[in-house]
């Protein structure tokens, strides 16, 4: 596990930030060049991340320190296995989302596309910043910058609901991060005698916290501080952010924002508190019960939603709580499951969002009740939708199956019947709110079908993007090993 | 530093201060303030602070009364309270 | 609303009375201020270090000369400030004829007694003012008092006779000039000592300029400083009076 | 000449004011260049003094050659050197900024405006360096008189606002004078170091006179710095003043008074005497009231300038609250916030003035699509906004970090909650502005509408106003990232002053 | 301490407190602007009363000016004496100046403050400071009169100096205040606080634009 100085993580972060310049320069007049520079930046970023993968897989940890902001803490990157998994997911999906948004934005003749692509690129660079963050302060810096850069994307439509959604988005994210996270972080910094907040093997909290009540309060402050993970009391910004155009909600739900929330919570569990310390104090239980509650309630609400995107939003809240549930099990299977579920859910959910966007772009339909018989009109989209749904539910032949398998295995290993039941029940509920859509789309009676029989897909770029992600979901099921080896190695390293 | 002379001056000073603030007509209020300043000048002289007395007389009483009268000249003479 | 203010005033009074119990007896020479090392040093050593019998002028112009410099700057700033605040009227009406308020510039009712007596008194007052300025070292007085009495003599002259004629003799531009000359004398003398290796306002360096012993150097530079102060104070007080009386419509200069 | 540096950066603006008075009467346009050159010269000498202090420790410059208690002298340690540099930076940038607004609004009297401007800078610089309590009163009066005139040259309502400021300001200064008188009565000296020396040797701190002196000093200084119950004069004064005066006095006048308060707390009374006094219990609650009041009023304002004044009142609450937690960390935090807040207030005033000049924007509702009209100024504005909210890379975040850590260190949780609420209120204020600025005012039905990209639409602020905005927002970020040297210098000075061995 | 001695021994301070209350009360509750300014003047005069009354000593102390006979003790036939005295003094002074200045320079910067900071007796440092200045005793007529003065029979000069400054500052503030009152009168046509606030309230514009000066209008009527 020897450390290695390298500025690869910095380059990876700065590529997309650098892409902002050509995007703004080309602007609206030379659109193709602008889109080309976005995709080029995406590919470059993915290549740099891929260059890092062999090094990390070989056990090295790349770190890069910039400047000491507060005595004892520097703005530092420390890339380990867990960070690289998330970075891979984020940078690969960015390329796909860029392709998709070309189709979507041009199809609907959206306004202010330059602003959209610029802020999208900034959001991605901050996401990678969070992925590579070496200590709690750097994590906080990029976490805040991500909220700032995604706000203009959420209020992209500039109409009433978009502004309400944007205000709600900011109130929740800024409120919880400044309200809970900042004091908790400073408390740790002060109480740990001013030495660094680095994510160490068994965390630095154990050095100054002994009685469990303080630990619980601190843990809850951190867990609710990262409101991006959408835990129950602070989740309603997520459905509110559905007003954004679909590539943004795809970014929000699959690629960057919510994943950053969950990523930070896992970092807090493993790097700040340390798994043994949590096991010893046995305070993982509380978080797992909160997560379980969120899973069940969000799945029930999703059932009642008629708007397709809102239903997908609530299903995301449920899936995120799976990940939090997994990490709070504090055993190898739970942690592996939660880490891999980040990737699996990302591919699954992004496909579903792309399909929702394609349907809206092609037919203008938003509500599920209007989508009876759409399978005949847009077969590829609906097949991709089916694959995505299978991955989210956790059925075989789609990536989600493996990660859910590990999560369930984790609950059994911990002899937690209650959590096991929640897992199974919520999988059933997932099925309950996804399969009716697919059945109605394909197997409805001819007289009920609202669409004629001729095939009329959405913008070709959009169809390509959603098919890539659907195929990706299936590939993840067939070749899960590279991802799972990384995840298992990371989990064992956290536990040892 | 004759104590009795000192006491009389102090009492007079307080009286002129309160009177100058309560007179409605501004010109006479200013004149009373001038009296207040000159009494102060007498008090300083009696207390041994000759330089301060001289300054109070020339600068404190002399010039500020002139400035006040000049301003009243340009604004109004009657005041509501 | 009045009740609220009286409460505040009374609270402040009570606060001060609470502290008064702890004051030393009123005129006791044992009180820390009077028996303190600072005042004892001043009373004992002023004549030996500055050859100036009037302790107050010595402390004012030499020991705490920096204070007095900024006091002169306060006076100069007040002049500038009033000129800036009230002068706005003048600038706008430059194009139109100055709508001088009728009362001020009309010929004051001709009053022989006032006119003649002021004309006789003014030179005496000005002489006294110069005496006060010059004898600041030996008797109470000095730059400020002398300057104000000088300004008072000019004010008396203007009040008794036609303000327009008087104002034309000494325009507001001239009084700002005099104010500047006064400050330049004072601050310039202080900066001069920088070039002779002393600290700012260190009067020992006059000895390097003229063959005088340092003590005489100090008392003479104090006189120079007092002259500077007198210049500023007299011209600025006159400027303030002129601005306040005419409400800012000072007589436009000849060339304007 | 270097050993006279402390005097040089005091006299440079002073002499420049006099030269402008003379030269201005003939050629009005000479005023601006003289002012800028003088201020840049004084900035250089201030930086030189700061470096000298950094290396050789506190610089003592005896005025008139008289030794410690008998004459007035400068005691320049790292705090006063930093304040001097801050003042010159703010003054220089405001002077550069002021060419356009002054020329347009009070052009013909610029030969009076700049001398008052420079005399204000002289007074404020003097305050930061003098070690004599009474001399501080005279310098407060110099800067106060100039600020009354600088305010009264603004819009119609500024005259009445300036008169109220005069009354309250003189009241505050005279209360300060009375407090110094009480100290002199008990100790016999006026020099700050000497006061501390005598008060510690004779254990005078508990005597009623010294306690009442502390009350008088603090009430006087709170009035001058517009701390919560005494802030009545500030909103009107800085809203109607001409924009360069507001940009000059907003960051400087109130912040220098906070410096004076800190100077009295640590150099005259000594931290250990203050820690166990009952002040440290009730003053933070007063500050919290100020923070909450300032933030709420700022939320409810529509006029930009008035909103900034209420933000100043809230920020003063931060500093006073932190200072009176009376630990070394909290005073370091308070002092660092003095510097970072001065820069932020200046940046706000400069950007708002730029918007006012080019697009006549006065209230939030006029700011429609301002990001398209003035992209560069709005980038500077958004950096400052993020800094006020406390988003990481900026100096606002670092000062919030130190303020909260001071709160936690002192275990004063209400103060921390007030800080967080205030930064959240700032977030609401500025994102409301961003919403209107970026997305336009009337919500567009549906989302198909074209936007105009023609050249006329895009009209940036004049060049001389744009440069200060950019320099300031860049310095906010730089101060945020490279804050260690400043924090280091401040904390060592404070610990050395209150650490017992009083540095002469 | 019974009331009589309390009242008698500190009458000045009582009057100072009363004047302070009158001043502050006038500033806050008087409606007329000129009355407010007069209240401020009274308030400042009260502070001056406080400073000067702490400077005076027991009865019979003298004004802070050295009496003539103390300064020039021998006045018989000083004409010829004078010339010789001057040259001696000039010579002695020059040579004394060299050492004093050098001494002072050195003393000022380094040890004077450390000596000052040490706990040992204050007085001797000043003693030797004094001796240093007079170490090279010049033998002419101007013998140091420092030790022949008893500090208690002169009033303390320092507060007098401070109050000189305070009075002049007070007048400067008064001048600026009165000029502001005149401008307020020109703009709003009245110097009563309540009338001014009404004028601001119902002023249609929000006071932002510098109207063509109402002053001209107010001035005409």
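When the chains are written out, they are named A, B, C, D and E in that same order, and each has its own residue count from 1.
Here is the rule we go by: a contact is a pair of C-beta atoms (placed from the backbone, for glycine too) under 8 Å apart; a residue touches a chain by one contact, two chains touch by 3 or more.
Just so we're clear, the structure is a prediction, and the values are computed from it rather than from any experiment.
Peer 1: Between chain A and chain E, which partner chains are common?
Peer 2: Under the touch definition, chain A and chain E have D as mutual neighbours.
Peer 1: Suppose every chain is reduced to the average of its Cα atoms; which one is closest to the average of all protein Cα atoms?
Peer 2: Answer by centroid distance: D.
Peer 1: Using C-alpha centres only, name the chain that sits farthest from chain C.
Peer 2: A
Peer 1: Does B-E or D-E have more contacting C-beta pairs?
Peer 2: Pair with the higher count of C-beta contacts: B-E.
Peer 1: Where the centre means the average of the CA atoms, what chain is farthest from chain B?
Peer 2: A
Peer 1: How big is the gap, in whole Å, between where the Cα atoms of chain A centre and where those of chain D centre?
Peer 2: Averaging C-alpha atoms per chain gives centres 44 Å apart.
Peer 1: Just curious, how far off is chain D from chain C if you go by their C-alpha centres, in Å?
Peer 2: Using C-alpha averages as centres, the distance is 31 Å.
Peer 1: Round to the nearest whole Å and give the separation of the Cα centres of chain B and chain C.
Peer 2: Going by mean C-alpha positions, chain B sits 19 Å from chain C.
Peer 1: Which integer distance in Å separates the CA centroid of chain B from that of chain D?
Peer 2: Taking the mean C-alpha position of each chain, the two centres sit 38 Å apart.
Peer 1: Would you mind listing the residues of chain C that make contact with two or more other chains?
Peer 2: Correct list: 16, 23, 27, 31, 33-34, 37-39, 41-42, 54, 56, 60, 64, 67, 71, 74, 77-78, 81-82, 85, 88, 101, 140, 144, 204, 240, 244, 247.
Peer 1: At least two other chains touched by the same residue of chain B: list those residues.
Peer 2: Within chain B, the residues that touch at least two other chains are 1, 50-51, 55, 59, 63, 67, 70-71, 74.
Peer 1: Could you say which residues in chain A touch two or more other chains, in rising order?
Peer 2: none
Peer 1: Write out all the pairs of touching chains, ordered by chain label.
Peer 2: A-D, B-C, B-E, C-D, C-E, D-E
Peer 1: Note which residues of chain B are touching chain E in the complex, please.
Peer 2: 1-3, 6-7, 10-11, 13-14, 17-18, 20-21, 26, 29-30, 33, 36-37, 40, 43-44, 47-52, 55-56, 59-60, 63-64, 67-68, 70-72, 74-76, 79-81
Peer 1: Any idea which chain C residues touch chain E in the complex?
Peer 2: Touch list, chain C to chain E: 1-2, 5-6, 8-10, 12-13, 16-17, 20, 23, 25-29, 31, 33-34, 37-49, 53-56, 58-60, 64, 67-68, 71, 74-75, 77-78, 81-82, 85-86, 88-89, 92-93, 99, 101, 138-140, 144, 204, 207, 211-216, 233, 240, 243-244, 247-248.
Peer 1: Where on chain D is chain C touching in the complex?
Peer 2: Interface residues on chain D, with respect to chain C: 4, 7, 11, 14-15, 18, 21-22, 25, 61-66, 69-72, 106, 108-109, 112-113, 115-116, 119, 122-123, 126, 132, 134-135, 138-139, 141-142, 145-146, 148-149, 152-153, 159, 162, 182, 184-190, 207-209, 211-213, 215.
Peer 1: Help me check something: in the complex, which residues belonging to chain D touch chain A?
Peer 2: Listed in rising order, the residues are 386, 389-393, 398, 400-401, 404-405, 408-409, 416, 420, 423-424, 427-428, 431, 435, 438-440, 443-451, 453, 480-484, 487.
Peer 1: Which bits of chain E are touching chain B when the two form their complex?
Peer 2: 8, 11-12, 15, 18-19, 22-23, 26, 30-32, 34-35, 37-39, 41-42, 45, 48-49, 52-53, 55-56, 58-65, 155, 159-160, 163-164, 167-168, 170-171, 174-175, 178-179, 181-182, 185, 190-192, 194
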